[in-house]
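Report on the structure given below.
Chain IDs A, B, C and D follow the sequence of writing; residue 1 opens each chain.
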Amino acid sequence: MKDRYISIRHHTEKICAPLQLEDYVVQPMPDASPPKWHLAHTTWFWEEFILSQYLASYKRFHPHYAFLFNSYYESVGERVLRLHRGNMSRPTVAEILAYRAYVDEHMLKLLDNIPQEAQSLVELGLHHEQQHQELLYTDIKYILGHNPLFPSYQPDFRETPRVETDHRYMEIPAGIYSIGYTGTGFSFDNEHAPHTVQLQDFSIRKSLVTNGEYIEFIKAGGYSNPLLWYSDGWSWVKQNTVDSPLYWYPAGDQWQRYSLAGLETVNPSEPVTHISFYEAAAFAEWKGLRLPTEFEWEAASGNFTWGQRWEHVNSAYLPYPNYQRPAGAVGEYNGKFMINQMVLRGASVATPAGHSRNTYRNFFYPQQRWQFNGIRLCKK
Amino acid sequence: MKDRYISIRHHTEKICAPLQLEDYVVQPMPDASPPKWHLAHTTWFWEEFILSQYLASYKRFHPHYAFLFNSYYESVGERVLRLHRGNMSRPTVAEILAYRAYVDEHMLKLLDNIPQEAQSLVELGLHHEQQHQELLYTDIKYILGHNPLFPSYQPDFRETPRVETDHRYMEIPAGIYSIGYTGTGFSFDNEHAPHTVQLQDFSIRKSLVTNGEYIEFIKAGGYSNPLLWYSDGWSWVKQNTVDSPLYWYPAGDQWQRYSLAGLETVNPSEPVTHISFYEAAAFAEWKGLRLPTEFEWEAASGNFTWGQRWEHVNSAYLPYPNYQRPAGAVGEYNGKFMINQMVLRGASVATPAGHSRNTYRNFFYPQQRWQFNGIRLCKK
Amino acid sequence: MKDRYISIRHHTEKICAPLQLEDYVVQPMPDASPPKWHLAHTTWFWEEFILSQYLASYKRFHPHYAFLFNSYYESVGERVLRLHRGNMSRPTVAEILAYRAYVDEHMLKLLDNIPQEAQSLVELGLHHEQQHQELLYTDIKYILGHNPLFPSYQPDFRETPRVETDHRYMEIPAGIYSIGYTGTGFSFDNEHAPHTVQLQDFSIRKSLVTNGEYIEFIKAGGYSNPLLWYSDGWSWVKQNTVDSPLYWYPAGDQWQRYSLAGLETVNPSEPVTHISFYEAAAFAEWKGLRLPTEFEWEAASGNFTWGQRWEHVNSAYLPYPNYQRPAGAVGEYNGKFMINQMVLRGASVATPAGHSRNTYRNFFYPQQRWQFNGIRLCKK
Amino acid sequence: MKDRYISIRHHTEKICAPLQLEDYVVQPMPDASPPKWHLAHTTWFWEEFILSQYLASYKRFHPHYAFLFNSYYESVGERVLRLHRGNMSRPTVAEILAYRAYVDEHMLKLLDNIPQEAQSLVELGLHHEQQHQELLYTDIKYILGHNPLFPSYQPDFRETPRVETDHRYMEIPAGIYSIGYTGTGFSFDNEHAPHTVQLQDFSIRKSLVTNGEYIEFIKAGGYSNPLLWYSDGWSWVKQNTVDSPLYWYPAGDQWQRYSLAGLETVNPSEPVTHISFYEAAAFAEWKGLRLPTEFEWEAASGNFTWGQRWEHVNSAYLPYPNYQRPAGAVGEYNGKFMINQMVLRGASVATPAGHSRNTYRNFFYPQQRWQFNGIRLCKK
């Protein structure tokens, strides 16, 4: 556990290594956070939930940091509004790195002799840190991709390690399927309790929808035909004058897009990404097909490769039967978001290795686009 | 069918009979519509989908009314923004009543000899008109209940015809339950296709939550404890400084409320109403209980009396397996709203007799409160 | 005074005579008020400031009307927010007319024997009622002119009784000029105290800018050249996508406009109207000329005819030297608006006969357009 | 001129010396700009208006910087919206300092042999840079003063170098006074043309209003009495729940405030600062006194000491008689802001030495508070 702690904490800082100091500070939209905030918030998590509970002699690094770097835990004190994170020039990056070092030093001491009852919280902290590693990638992309100079993050970053070429559909038979995590490793409370659901037969595509297919949708007037859209999706398109995926820019008769490697021509054979649930649903409607539910996705997941994009499913983020919110602040981790959001399944190119699994339930609002998400189609 | 047409159309106008002419015109919030708009819009539905399709000689009453009174059918032309309905002093109420008479006259002619293929559309039109009858009650309540003079609608209107006194829970066994409409009468497309779901055992209360119980929640600080609320619900409470159900006003150490009969003291034994999904969920959380899902509700509905309040369930409004949007404009009736909304089951004191059934799926946004809704609790 | 009272009160109702009852109720924008509100507010003024002070036995018509129909007098109690006036279906028009009759009856009794100290307040009340007569015209125009059916107010209403054909400039010599009201009749506090100002020589046009000239400005790209506009004006143009005067609609290669007589082709020889201060200033800049100050206007006013349009002047609405706010609620009449607004001089086709004078200071925000305003140019 | 150039350019960077790198990046409100933006924008001014016009061989430092660092000159190309300046992490501070060095190097070359016709533009550039030096102080104060850690800028910074103790009024006789700049040095176009105005006699206080006096206003309920406020001012107070000057925080029965030296107890004998025009006017009204006009201020300025605070005057920012906008982009410097703003006279502790004079016209919107402004009272 100590080695994993060291390795995961180190990886967080490594993600930030290509940044200029100025990049750590800004917050170009409320959904994204400044990198320096991620560095501090993940550190606060250890301090708040582990060190101040289980390390007897522990003295907090700074009296105000709990206030500054709490993300949304109402039960542990006031928090800085998400909208204002980008205005906080202090503490500086150097101070936050000192904070990280201080907390790491104490965590390593504690991990030498970790009490039994703290172990699952440490496990949660590691997965929490990994979730923020993914957010670091997406928020850094937003920061650099909305800078008028379009600086690259890493010139050799490949957002699509593997191009999919088999676009056939697989048939999945009707039946009773087991849903939710049943293994012995770590899993989030929202994957519990495991239970069975009855599914009808359906077909699901082996590959994700490609940029090329999505360009067809654009050319066919997909963004100007209200009948393809949910009512709220259509309002969103009109109010925001959306006409292409996030990070796409017209360039003559082609499209360019910002990737973490910099500006590049859209490659038609790569899977489309940075589209909202609304766009995914409208695309499926235009095809005369549909998105899978999260249960269909989970039932079929063993038969296809996944992991390059978070996949939009047509399931609202709701509790499973017999779901129980854990007691205390950790109970705010997932349960209080189970309204107004849609589930995404799978993993993305930004997800840390080993972090996801086929029962993992990610969730975002239907208009959000800054994650590396994608579309998988379903028939019947 | 002709008699039902006459009776339903007449009933719409009867609901408006207690109004002053000025009451027909205003729109105090975007979700509510002016009564005169409801009178015209229901009439436009007959003109647009029946008369102009099936009555050969039919001449529209006015060339602009299709533009003015289309609610949201994108496929049949431009519509007046909902927000602006309350600014349209013309056409006058008298002109709209003439429009109703003109369309009725032609409908009766057509109904003498109605083509086979139009019959299901007529049926839909009747149910559509009944849905607007219910909206007329709730919108009229909003208009009068937000007037500083609090005029009564009908001094003898009883919002709770029947006080419930049996607050016990019934046990419902685990099993495979049939969901969705399987009868031969009319039903909406969102109740299809019928299918089975697997449920675990649970208990559900015979009675709705009362005003008295809800006052306990208020006194216990329910509106100031963030841990009881969904994250979005808590933001809604803070932004709107919500501290009680809609239409409630503090009066010394008691509560008063506006009912369609006028201002009155809150009766603790009547079922609470005009609370959002957020409030219903927070109340259940405070009780250590939960709301049923729509499937649990439907499975259990035969064992309890219902019909005074639309009941919040913890199910997002999503399509059933094998759901098909009907072709054409009618396909916009339900399908395009299957995002961001929560289901309500049952019926309310404002629902026309015979309009609802235990498979009926009503749906509203989780913050909306102006319908006659209520709370039924679930255990385990 | 009694005869003037009767005649002015009667005139207010006469302005409303062509309306349908529904037209009295709506408020399509915050700056305009429903006609029924004007009818009630002017009546409240008599009740609040005269009857309840000077008629010993007087009993208010309704206990809540002071609350409902106070426009902005903070010192006499809470007021209904301007924005919400259009949501108040009650009191009805009939009730408000009864209120008028009741107050008139008591006023006539009082006027038989009016105390000396009340006379100037009665005078103020008459001028106040006349100001609302003008607002009735402009607000009615806004209500009908924003209705998709464009109903006419009076088919023979002429917004330009007199076409001006002499477009020459008059030279006004430098000198010390007397400013402000010095007569013995009624005048508003904002015209005091009379004083002198030093002016340089300038030239001013005999006629107002015509629609034809304004169309030239539009054709020359006036609305898309930021260098012609004040910085705030340019933001206003962009945010509201303004490209022509209020009530103008393109019709092929011509312009149509809504007048109180109905939709009609823009007549190039009539004076342009319904343009904001920003537009007036941009037009003058485009001409290489300027707007007069209010002092220049007043000094020159004896040499030209005026009274069809309120004329934009390049003077902020500020107090004259030695200006004193009157004590009490009447002190809120003008003084508290002496910030952020620009002066307009003259009178308009909607101004009651005898109401204005060449020292009268009207004032609006620089973006407001719904009054009958116009442009007079100045040289040097 | 070369020495002045070096000295002024150097001073800009010196103001930033106490900052951490992170402080250069953020923009906590639209009115303030990130320090790094000021460093770049002032440099762009030299490049755009001098080097690219007058230095034949000059090659711009970076092709996109003109786009990024134009503040509001519509005539020289598109600009980055002010609201977004705080999202631009790139170019970095180091890159901007390199930009400064590059432009300075070329400017020094040009200044060796500066063409006659460029000299007044160089003079303007120096004064422009000094205006941004003052904005740097106020924007830095806003950035640090809105950070939850309240870091000090310079522990020994004194915002009030000189406490005033003589609170008597001086009488200024009526007469014709000369207004506007008549000297031979630099002055802005808005100080022209010099002209005379007629003033009545008045009295003006030798000293600025103190914190102690302002605390009396607060204690007397000044912020809750609408009759003291302009109508727009009262709306501003209510909407923003204003109850004290900017940077003031209640601390038990005392007030604390953030100064550039850090948090400190409010000193009652220092002049109040960071109050809007609305607050200044309400304070004067509460005292039964008034603010001077800008002409009164200028006429009296020789008789009192000034320069610690920009002084609110009751004059809208309007052109002087015979004012001419200069041709070209420089014409956008002042003229296009002559609407909706109020004049401030004097200078502040943040104004560079020698930059202001008694004819200088500063201007801000009536709600703005982040400059070092203050109140001087006037009688009669």
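Keep this in mind: a contact is a pair of C-beta atoms (placed from the backbone, for glycine too) under 8 Å apart; a residue touches a chain by one contact, two chains touch by 3 or more.
These figures come from a predicted structure and were not determined experimentally.
Because chain A and chain D carry the same sequence, their contact can be compared by residue number, and over half of the numbers here are used by both. When you average the Cα atoms of each chain and compare centres, the chain farthest from chain B turns out to be D. Chain centres here are Cα averages; for chain A and chain C they lie 57 Å apart. Centroids built from CA atoms put chain C at 45 Å from chain B.
The residues of chain C never reach two or more other chains; the list is empty. By the touch rule above, chain B contacts chain C in their complex via residues 20-28, 36, 64, 67-68, 80, 84, 86-93, 143-144, 146-149, 151.
By the touch criterion stated above, chain B contacts chain A in their complex at residues 72, 74-75, 176, 195-200, 226-227, 229-234, 277-278, 281, 314-316, 318-319, 321-322, 331-332, 336-340, 342, 366, 380.
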